[in-house]
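Following this line, the structures themselves.
You will see chain A twice below: alongside chain B first, and alongside chain C after that.
Up next is the complex of A and B:
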């Protein structure tokens, strides 16, 4: 079972342990990021979140398996395999796990295992020591069995880091559940596209909390915006993998260009190569305005729509699966929070679970809704 | 996206794909390109692009040189090194 979920395992003496997705660096240990390109990479650095958890007295259980660099993909099988983090926590192999959930895989899968996934506001948790995938969206979150535990751990890892200038200035955070009642919104157009089981979970939850209906704007183009912006940044972030400074190097080369080309061709999986090529495609002179610039403009419109929504609601509730099983289309469910840098919590409710999203820096509202739900036996 | 165009982008990003992978990528990219064209339905006239969701000025640190890792630590992961430098194949004939 360890081998199923862990890329590498450490001995722990207590059950006060944490796991890390294998794109979070531990000094002196392997960090493969699920890629052949980093199969032998021994990290000279340690992620700030690791230092903070160790200083708080927790022990490292191991590094959990991830899809290659945990990027959003269009491949058929991304949701068919259980995330290593969700597997490890659900099997009791560690107390909590940290993940970078740009793809939405942990948000989707945690509830099915009876777990919570807390995805904080972008800028809350340091990304120092995280192998970058989509820099404007990467944010470490917490997989946990107990919501109090999850927010307790978030309080440990959150806070300004001098080594990550994109963290908010606050040196530390202390999370406490906000008291209700709460104004909850339910997006009717998203619910029309939800699969039956997922929709039922949301509708039951929304019914008990008296949710009000609204239309989530730009929902139909969220996969495109998410994938275009992701690929552009992925292409940029993976240009460093050249077989020279670290990582995999091909044995098949006669000159420098061969070395680069064959290393990168052999070192990456097809989905990564597709994302890199699409990144170059959307950033090319011919396509930049129609795709990349357009997506950045829609991202602003989405952010303005979020501000308007959260003036009416404390949180919105969303399903975790669409009727259309295609991973590309399902990106839309996670893109709203990810593109806008908003906090969200996936909770185990009903047969499928659901996600709650709040305005930036309002994690305490999500905490309060979750606590109320647990207390009321929802 | 046809195979010739895929090969052009391959060269840009330093790939040399096997035939079957190139065909897969061409097929996926064509589907994606068709999907991307739906963006034109959204009116973005007069809208500024959003580069970052952060709405604060990033904190600056003191302009002091800080060494996080040593040269040896950086070189330790390199497949080929010589006398404290990364070693690469000959670039000049």
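Up next is the complex of A and C:
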């Protein structure tokens, strides 16, 4: 099982251990980020979150496997395999696991394994030492068995870091569940597209808490927006892997262009190449306005829509699976929180779970709803 | 046919910060290859940019000196291209909200005063450097310069002659070096300039085909390149033997020609987009005035001080304030010799001529000003005469000699003993009766002949004033 979920395993003496996705750096350790490009990359630095967890007395259990650079993909079915983080926690190989869930894989899979996934507000947790995928969306979240435990760990890793310019100024956080009653929203148009099992879980949950219907705007175009913006940033963030300074270098080259082309052709998987090509396309002078800028505009409108929604609701409840199994279409479900930098929690409720999303920096509402749900035996 | 040349300049200036733009590595020039490199400026994943506040302040100063509007909320963008000296595969720069806009610089040439409009100034990071080893055919990369902060000053196409271009660059260099924005050394690459140039018939409103000239490493090269490129454009227009295309051309200083680098068609698409890792930076009114109050004395302010307070001539004051380095030497020497006119004379006369003999340009003169001051004082206090003083200064300049010790050990002290000098003069007169007759016949030049003879006998150490009066007395 170690080999199934871990890219590298560390020795532990206690149960008080954490796992890190293999794109989070531990000084002197391998950080492959699931890519041939970094297959021998020994990290010269250590992620701030690692320092904080070690300082809190936790032990490192290992680096869990991820899909290449943890990017959202279109051609590979990333949901067909279980995420290393969810696998390792559910098998009891570690107490909690940290991951950068841009693709939505962990928020989808954790509840199916009886786990929670807590995704904090963008800017809460330092990304120093995280191999970047989509910088405007990258945010470390916690996979955990117990919701108190999860928020406790989030409290340890959250807080301002001078090495990450985008973190909020608050030095530290301590989370406590907010008391209800809560006003919950349920998006009808999203529910129509949900698969039956997933829809049932949401409906049952919403029924018990009493939820009000609304329509989630831009839902239809969220995969496009998400994919265009993430490809743009992925292409940019991965241009450093060129075979010049570190990481994989092809043996087969004569001249500079050859070195670049062959290194990247051999070092990246097809979905990664596709992402960089699409990224270059949407950022090119000719297409910038029609693709990148338009997507940014929709992202802003979505953010405004979120502000309006959260003036009416404390949280919205959403399914985790669509009728359409296509991973690309399913991105729509995870894009709302990710694009807007909102906090969300995936809850193991019903057979395949659901997600709750709140206004930015309102993790305590999500915590409170989860606690209430546990108390009510839902 | 009369032609008009139209030029715009892109000037890159390395900011004089201690550390790089987005990490804490030293930004100093001249370190061992890859000495000033950390995971961030080597482009490793996991590092995030932390903006250097001082770089922004120097950017604000650059804008204030060039009469620009300072943008209140600045952002940074990413510019994508692959090259081995660019560690991340993108350069962090400012496209959408540059720090300064809409300024001007007033220049003065033989043709009078003129305003050159500034379109914008933006902050960006420098790239590293490739070193090619032609023996092995391999290339090596040095990332010391990668991440060093720059400002790029983009002018409007307001230049009509190379004189204007040179005057503008000299003005920028003086302003920026006095204000501590940059040391502006072209030969070290801390000031670089690309020239956009086109030629049109005089009186025409339409612009001609524009080319951009790169690889200009000195003011001389810039003037030559402009002249060459202007001629090339005119002959292309007149003879039609060459078709002008919009392109970037590289100046070759050895051949004195420009060569095509890339044309419009294969110009790189830089795929700019906003950098999500750096939040917008707000520049408040208070911050600007704080920065403004910290700007050191500028050339024109110093000129005022030199002419008004010290009573130096217009010529001397202009020379001293024309170079930050000379101006610093003046100030530092003044700490030891409180005599502005003397210090100015020594700098402009003796020090400058010594530097010229050694082929050291004014900006690169390095001298211990305390020792320089001692030389001036020894002459002033008649410990040594001026001729010896200049020789000692030469040694201070070349070998950093302590002038007092040197004078003592080599017994160069001035000989002012009247009795001894009178004996010498008597000997010289006795040995040169013919010259005495010439003098009496009215040839004043003979005095300097006698002076030379005395100096020869005293190894140049005699007090010239004393010798002069003894000579006049004894010859009459």
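We adopt the following convention: the second predicted complex is superposed on the first by the 377 of 378 C-alpha atoms of A that agree within 3 Å, B and C clash if a C-alpha of one lies under 4 Å from a C-alpha of the other, contacts with A are read in each partner's own complex, and residues count from 1 in each chain.
FYI, a residue touches a chain if its C-beta (ideal position, glycine included) is under 8 Å from a C-beta of that chain, and two chains touch if they have at least 3 such contacts.
Keep in mind the model is a prediction, meaning the values are calculated, not measured.
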Using the touch definition from the top, say if A:74 reaches chain B (first), chain C (second), both or neither.
-> first
Please work out whether A:221 is in contact with chain B alone, chain C alone, both, or neither, and reply first, second, both or neither. first
Per residue count on chain A, the busier partner among chain B and chain C is B
May I ask you to decide whether A:253 touches chain B, chain C, both, or neither, giving the answer as first, second, both or neither? first
Is A:265 touching anything from chain B or chain C once the two structures are fitted on A? First, second, both or neither. first
Next on the checklist: Quick check on the superposed pair: does A:129 touch chain B, chain C, both, or neither? Answer first, second, both or neither.
Outcome noted: second
According to the stated criteria, A:236 is in contact with first (chain B), second (chain C), both, or neither; which is it?
second
- Query: Should A:359 be classified as contacting the first partner (chain B), the second (chain C), both, or neither?
  - Reply: neither
Using the touch definition from the top, say if A:285 reaches chain B (first), chain C (second), both or neither.
second
Message = According to the stated criteria, A:298 is in contact with first (chain B), second (chain C), both, or neither; which is it?
response = first
The intersection of the chain A residues contacting chain B with those contacting chain C is 44-45, 136, 162-163, 165-166, 235, 239, 242, 244-246, 256, 260, 280
Counting only contacts in the complex, chain C reaches chain A at residues 39, 42-51, 78, 80, 82, 84, 87-90, 141, 269, 271-273, 275-279
Within their complex, chain A touches chain B through residues 40-42, 44-45, 74, 122-123, 136, 160, 162-163, 165-169, 218, 220-221, 223-225, 227-228, 235, 239, 242-247, 249, 253-257, 259-262, 264-265, 270, 273-274, 276-282, 290-291, 293-301, 303, 328, 339-341, 360
Per the touch rule, the chain B residues reaching chain A in their complex are 1, 6, 9-10, 12-17, 21, 24-25, 28-29, 32-33, 35-36, 38-42, 44, 47-54, 56, 58-61, 68-69, 73-74, 76-80, 86, 88-91
Per the touch rule above, chain A residues touching chain C in the complex are 25, 31, 33, 38, 43-45, 47, 127-132, 135-136, 162-166, 232-233, 235-237, 239-240, 242, 244-246, 256, 260, 280, 283-285, 288, 292
